[in-house]
Amino acid sequence: MFRKILVANRGEIAARIIRACREMGILTVAVYSEVDRTSLHVQMADEALPIGPAASRESYLSIHKIIDAARRTGCSALHPGYGFLAEDAALARACDAAGLVFIGPTPEAMERLGSKTEARQVARRAGVPTTPGALDAIADLAGARSMAREIGFPVLLKAVAGGGGKGMRAVESDSQLDGAWRDAGSEAANAFGDGRLYIEKYLPRPRHIEIQIFGDHEGHIVHLGERECSIQRRHQKVVEESPSPVVDPALRRAMGEAAVRLAQAASYRNAGTVEFLVDDSGRFYFLEVNTRLQVEHPVTESVTDMDLVKIQIRVAAGEPLPFRQEDVTLRGHAMECRIYAEDPENHFFPSPGRIVSMNLPEGPGIRNDVGVTSGWTVPGDYDPMLGKLIVRGGDRAETIARLSRALEEYSIAGIKTNLGLFRRLLREPEFLRGEFHTRWLDEWLARPAAPEPPAEAMETAAILAAVLAEALPGEARAEAAAGPTDSRWKAQARADQLENQPRR
Amino acid sequence: MKRNVRIEGKNHSVEAERRAGGWDFRIDGKPIDADAAEISPGLFSILLEGKSFLARVVSGGARLEIEVGSRRMIAEVSDPRRSRRSRGELEREGHQRILAPMPGKILRVLVGKGSPVEAGQAILVIEAMKMQNEVRSPKAGTLERLLVSEAQAVGAGELLAVVA
Amino acid sequence: MFRKILVANRGEIAARIIRACREMGILTVAVYSEVDRTSLHVQMADEALPIGPAASRESYLSIHKIIDAARRTGCSALHPGYGFLAEDAALARACDAAGLVFIGPTPEAMERLGSKTEARQVARRAGVPTTPGALDAIADLAGARSMAREIGFPVLLKAVAGGGGKGMRAVESDSQLDGAWRDAGSEAANAFGDGRLYIEKYLPRPRHIEIQIFGDHEGHIVHLGERECSIQRRHQKVVEESPSPVVDPALRRAMGEAAVRLAQAASYRNAGTVEFLVDDSGRFYFLEVNTRLQVEHPVTESVTDMDLVKIQIRVAAGEPLPFRQEDVTLRGHAMECRIYAEDPENHFFPSPGRIVSMNLPEGPGIRNDVGVTSGWTVPGDYDPMLGKLIVRGGDRAETIARLSRALEEYSIAGIKTNLGLFRRLLREPEFLRGEFHTRWLDEWLARPAAPEPPAEAMETAAILAAVLAEALPGEARAEAAAGPTDSRWKAQARADQLENQPRR
Amino acid sequence: MKRNVRIEGKNHSVEAERRAGGWDFRIDGKPIDADAAEISPGLFSILLEGKSFLARVVSGGARLEIEVGSRRMIAEVSDPRRSRRSRGELEREGHQRILAPMPGKILRVLVGKGSPVEAGQAILVIEAMKMQNEVRSPKAGTLERLLVSEAQAVGAGELLAVVA
């Protein structure tokens, strides 16, 4: 087993990996940018090395600096987490070259499955259903038009190098194709340095359901059931659960076996996720493979009682998978909310700043995977995810009731978060019935919010709290009640002048 | 002490007097059977006729954002002895100041100084937390002032531009 | 189902019950003494009523005040938690009289099993093994001597009304019997208002292993496996786990069936625990029944994925048990540490006072059931338990590794706690091998502590922290670094003048 | 600034000077490659030659109790400019003051004023947190003063008795 591992990430996932290592008796080395000196992952690691300024390109995205940090501290392996360099085959190759074990798949598998068109080809060959459409990049607009007519509108233009909805456009009819082709191409070129596009059939109201897979050096590949990830805002997952409300044992087996076939075809090793779209009639279509640990891996851990990070490390160290397919059973239900520093009341603006106080929910069935602490200043330089709340229960209804209870206990003061969005979502009958698809949340957010029922006593309580908060002396309290820049900011927010969107 | 509180669209006058072990409150002249205790900074336990509420002041300034249970309310508190003009009064109808909604970097300036702008038109793009955030004009008019340029870092609340 | 429940308790168990109610959509009423106005259970409940001064007799032990609070708030049921009035049949009867449902067994079952001798009779009749000895109170010293000679020394004198080691004496030989009989009798009379004693055979190095049982109104009784509770300090459980390292499926079934037979013989309803002593050869002997929810119920919840408080409420409302014996399967392993406000470095002195700051462990497999908050002043009027840390893992080794990791993350500043004791315990090879008995911890604590390995870097870190803590300005920090009474107290503690013991 | 620190039975002289973004430290004259940051009250993140330590000051006063990882240490910090006598010096050998180790209630007084006491003999019993705590004499001698009586409430650190 490894003696020391470099954790090439920050935030909650770095803390998650460090916890797994600590439980395995493995030393950890954190790396940090200038603004992360006092962050949780630096506190938790056994060693910590600065790797540059706030800008990711000069710190968390610098393969050179990260490999150098691993070498200087005598690490024998590196865990990339998710995001940053996690799906960059160049990091995996640099690890090989430096004599470090990269805790993840081989660079060849990363490259093959990282190309969306190549992954579709692998899927087809493995007999895994894919949406109708191209298996290769489309050469030009004419090619796009002829393919679109062949499979029939609506279609989806997607970036070959893509992910996260970047370089993607839904096209309803022939007349929109021209503009969409141009926009998607330039967006893809900006985001990935690769403007190539392909086309697939657009499914109007699909669910996003993914299968967790695991492979070892001996070629054993298993799946750990599904995660339902249809609750997305602008192609970003927000709530995930397992099992899916629409997956029965037969569908689970079919999807699981398809995912395993695909992974076998790509000689896949370590943890990965095969994403599918599922239509109303339960037909599933391969979407893409994520060649890394997912943000939402804890929901699978909760229903399988396995620690995926520990298994990742064991498999990377050459150990065989410690279980077989027939040993994997799902028990109970789990759901995860991604807590973001953003303002759902105001176009989901990012909301970096100082966390004045933070109360996490506790008690039965609660898991907090959080990357920030009370008193810490969330920098504006990285992804706005503060952490995840994962809840498990005996069944979906208990899990949702528990999650509601947990969200009432949760509070973060000083910055805006999307906690209120989840509280509202968990009262929505369609959500409670499990009736949703990948665009459901965007549509739901666009609906006028139902007026809240009158609650005179709550108003009175708020009035009294407001008066005491405003009038009482006390430095600490005053600090909680008035971030200096905050009020100016809110004045602006109220004016409703802004709109935000994922970076292209 | 006496305060005016505006909450959920209504104005209330509130009196709070310290007594042994707590406070006596009146709202709009009516005594309230309430016991309020600050548990930790910004967190208040309030017992109202035996009902228990946990009120959290999650962000502050002129407009306090308060959560009670899963209910979120905005309260504006003012001291009736201090006559102060509201932001609305201070802000000239004709001049709208555009402030940075978050710390970040000016990625693009989309409209030049002196150019006409539509209501809702994007004026510039700030990058923060891996997101591009378009800052839009609150009204139709002319971009009278433009105080930032591309690649410049800005703090939250910093004045970016003025539309007249 | 009940609309509103009165929670007749405080601290972590009150918070635990409120959480269960909230998840079930049931309103809760907390009661509180003067010193508990700002305590967590008052914050969490929907309603809260003051019931008197700090002294338990005038607040949490006042049946009259509690029933009155339930009536005034329109409650239809009452949950007693553990401790205080939980095993007092008079409360159950007062609930009946007031038209309230008592969430627990019938008063008859409480009385029958609350008498240790009567419980032994029930066990004998149900064919459950008991230790050799008396089935009735012993009339006088002569009777004690003849019984002791019959079963052979060593013997144990125990209070008929007893529990928690009060009124209990181990007697090695005939010559000690006289004094022990007198001491135990007066201790029992003081503690329970009932000085009657009985005798049973003393097992020298037994394990304490208990079976969780559950019964409903239809007479179904099931067991939920065992809890290993041998880690005790002066007869008080400190660490509990499930499954026990020495219980195999056959022993589990035998003990479980014995517990169920006993419960059936007593027409038992709702949650209860049948405690056994288990000797080296795996023979088990009935010890006593706890007619309530146990402190350590979360370890059973963790391995069964059931919520015992919710089942208690459902069964009390007349619903049948939602599962059968064959549906109960244990999965993984769980361990609990009871976190006390006491100083293990100095005779386990209680340590009430203000909690300056508190950091709970988080991440996978962690459950915090805590009754206190940062900034709160722990009153000196009640039990010193602050809360419980419960950890689950795939097996015992992973659970212990995770618990060690969690204990490193755990910190409470301002008052003394026994966290350090657990950190030390989890490095002890005998504990790690599961080789212990009910007196093992007391013996281990009496051993000279192994000197800690040198750790120069840790010393340097402590030096720097000390200098900054002492020298830096800042009110908040100064507060953390210097409780005003604390230093005087420690000066005393150092003098090593004290000895404490459970109240008789 | 300069401080003397006594820890794990050894004395060290420590110099700490603020610099941009942190501190320069010397221990016993030797420069230390360390970066220390206070995360929250009493919680310090300390990087020592790249090793990361979290030091928690869990209780304070003249003797700071500090946890580093699962290691617990007692540190006494003094300012070399202020000459102060230690508690040991101040406390007369012949007179031992017995202080309440916790807030509680005097349940029983076991020895009368003026009576002889053995070292380790129980003098009184304080009840706190449902526990009876016997307070014992640190030395053989006479109970010179007795300042409390049964049923009396006492605060932590309150003087209970003096043995001479």
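Labels A, B, C and D are assigned to the chains in the order they are written; within every chain, residues are numbered from 1.
Everything below uses one rule, namely that a residue touches a chain if its C-beta (ideal position, glycine included) is under 8 Å from a C-beta of that chain, and two chains touch if they have at least 3 such contacts.
Values in this document were obtained by computation on a predicted structure and should not be read as measured data.
Once the centre of each chain is set as its mean CA position, chain C and chain D turn out to be 31 Å apart. One inter-chain figure worth recording: chain B and chain C are separated by 48 Å, centre to centre, where each centre is the mean of the chain's CA atoms. In chain A, the residues that touch at least two other chains are 44, 404, 408, 476. Among all residues of chain D, those that touch two or more other chains are 40, 51. Chain contacts in this assembly follow no simple pattern; the graph is neither a line, a ring, a star nor complete.
Contacting chain pairs (ordered by label): A-B, A-C, A-D, B-C, C-D.
Taken together, the chain C residues at the contact with chain B in this complex read 30, 37-38, 42-49, 73, 373-376. Contacts from chain B toward chain C in the complex involve residues 35, 37, 39-40, 45, 47, 50-52, 54. If you check the complex, the residues on chain C that touch chain A are 15-16, 19-20, 22-25, 44, 298, 301, 305-307, 331-332, 360, 362-370, 392-394, 398, 401-402, 404-405, 408-409, 475-476. Interface residues of chain A facing chain B in the complex, by the touch rule stated above, are 341-342, 345-346, 349-353, 356-357, 359, 380-384, 404, 407-408, 411-416, 420, 423-424, 452, 455, 457-472, 474, 476-477, 479-483, 485-493, 495-504. Per the touch definition, chain D reaches chain C in the complex via residues 1, 3, 5, 7-8, 12, 14, 16, 23, 25, 27, 32, 34, 36, 38, 40-44, 46, 48-49, 51, 53, 55-64, 66-73, 75, 77, 87, 96, 98-104, 120, 122, 127-138, 155-157.
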